[in-house]
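Letters A, B and C name the chains as they come in the text, with residue numbers starting at 1 for each one.
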Amino acid sequence: MEDATGWLAVARQTFSIIGILAFAISGALLAVQKRMDVVGMAGLAVVTATGGGMLRDVLIGATPVAALVDWWMLAVALCGALVVFALHRWMERLDKPVLVFDAIGLGVFAVEGARKAIDFGVGPVGAAFVGMLTGIGGGMLRDALANDIPAVFRRDSRLYLLPALVGSSAAAAAVHLGYGHWIVLALLAALVTALRIMSELLRWHLPSLKTEAIPTIRD
Amino acid sequence: MEDATGWLAVARQTFSIIGILAFAISGALLAVQKRMDVVGMAGLAVVTATGGGMLRDVLIGATPVAALVDWWMLAVALCGALVVFALHRWMERLDKPVLVFDAIGLGVFAVEGARKAIDFGVGPVGAAFVGMLTGIGGGMLRDALANDIPAVFRRDSRLYLLPALVGSSAAAAAVHLGYGHWIVLALLAALVTALRIMSELLRWHLPSLKTEAIPTIRD
Amino acid sequence: MEDATGWLAVARQTFSIIGILAFAISGALLAVQKRMDVVGMAGLAVVTATGGGMLRDVLIGATPVAALVDWWMLAVALCGALVVFALHRWMERLDKPVLVFDAIGLGVFAVEGARKAIDFGVGPVGAAFVGMLTGIGGGMLRDALANDIPAVFRRDSRLYLLPALVGSSAAAAAVHLGYGHWIVLALLAALVTALRIMSELLRWHLPSLKTEAIPTIRD
């Protein structure tokens, strides 16, 4: 496995920052919709932006978790909250850029998450799961704290988990088989981003069962 | 402490699979009731079936967590979601088998969880807590993600946490005192299962305070 | 860094117990308001009282987590639930003592959390974050399980996260720079407690954006 260096490392870092910013913005926006104050905006921005990586590191045992070591992530997440605070009157026009940024983050996090899991001794199937969770975990924690059912699980949602899973599975397989060159991983991240954006443009969504067919369970 | 081998190991594995299946089915059913799509069914099935063990491993420091190493658990959980997808018209008739399977899982997870905690250096009181959490944690995460108050905490619930706690406490004490033979642990798991099923049959439930007696707290 | 010994250690332990009791009481009270049974009261008391420390230990890799090793914390948390069970008719008069006890716990947990993070190799910025989370994490888990938006994020909330963050940041800086004497840390904990109580007395609260200004996000 060859690592990116020089301008490649810069490019990877840049894409990570773009993703963290977009995730943080989605957290801060939900905080305002849920009638939270500025502490809630900052808090939900940080949870959304760093939660997926925290879940990844806790599950694979990479502690202290990355967001505590590379604390620039916390700073970038707070910048995302600041963006919402400063530009909230124009957020509607920023809808599409944020969607694209979010898709970039999903790709980078899913692929990097799978690679990190393999580095920590997880097998390819587990690594595919961890990579997917790195991509979607922040948003799931965001929705859980904001008292919503996770957006990725909802019936009206476009594809979000599946593109991440496709990318993390391919990345885990590639790294496991010794093809984890940075070019391969970058292409897989781009594939996730493309699938995610196409899912919005083409309005893909998944089937679901009719609720009436299911009796209420007892616990 | 003597471990089960041969057909005993097979029996233990079989009961684990039965439990994972039942937990996954309860997650997938709740996903349909909450109007999620098939991704939500699969996701909530995996969370419910493996979440308790993930909490256990994260709290005691057994990382990477078991579900990432023994990834057949993820596969079995997805089978549980498939069962709901295929048989959802007949789930009402499967109510009782699922209840029994769930009780078997509760027993196996509570007892095994306590034993694993002791293996990782946790004292008997902590191990009893961890074992109980292994049994009920998946359902608690399921309810938190589905935006419900945990079923085990609700006023109308039958006993669920208490049978798990009885079994995990006894198992922790037995292993701590050197009586952790597989026969003892298997009997304790069976006791949890029996208590859980009796609680449903005999409609046991716990007392609760009247809500009116409590003023609203400020935070 | 010099540690407290003798009667100082006793004092520190006493303040920890006061904080755990107050956190547990707030959890048990919310459980009654949310129509849970006695198991829910005990469960939410334990989660609220020990959840912040569990999050801290899991994120910095201090496993098994403290509440499993020092199981007297679980016992104290259960006592908090017992207090609510026994005194629920008089809880309204206990409003102010509980508020003060809770503020003491916030101070102790935020400062101790930051120090423990630095002991485990986390840098000062990460340690400030971890200390703050130690103080507020139990209440956030409590609210998430009880199906509420975290109180610390809500628009009508008094200051809670900010006093904890001020204290944990100062404690992290002090320990990092070699001024982590117990007197310094004790003063910082007292500062957090004072800020928290003043925030209630003087009705401080934070600004928030108008919800109407934010369009609904899609996911």
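Going forward, a contact is a pair of C-beta atoms (placed from the backbone, for glycine too) under 8 Å apart; a residue touches a chain by one contact, two chains touch by 3 or more.
Owing to the predicted nature of the structure, the values given are computational and were not obtained by experimental measurement.
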item: Overall pattern in which the protein chains touch one another (line/ring/star/complete/other); value: complete
item: Copy pair chain B, chain C: interface residue numbering same or different (half cut); value: different
item: Gap in Å, rounded to a whole number, between the CA centres of chain C and chain B; value: 28
item: Two or more partner chains touched - positions in chain A; value: 58, 61, 144, 147, 152, 154, 157
item: Residues of chain B touching chain A in the complex; value: 26, 29-41, 43-44, 54, 58, 61, 63-65, 67-69, 71, 74, 84-85, 88-89, 91-92, 95, 99, 139, 144-147, 151-152, 154, 157-158, 160, 200
item: Touch list for chain A against partner chain B, complex; value: 58-61, 117, 120-123, 125-127, 129-130, 140, 144, 147-150, 152-155, 157, 161-162, 205-209, 211, 213-219
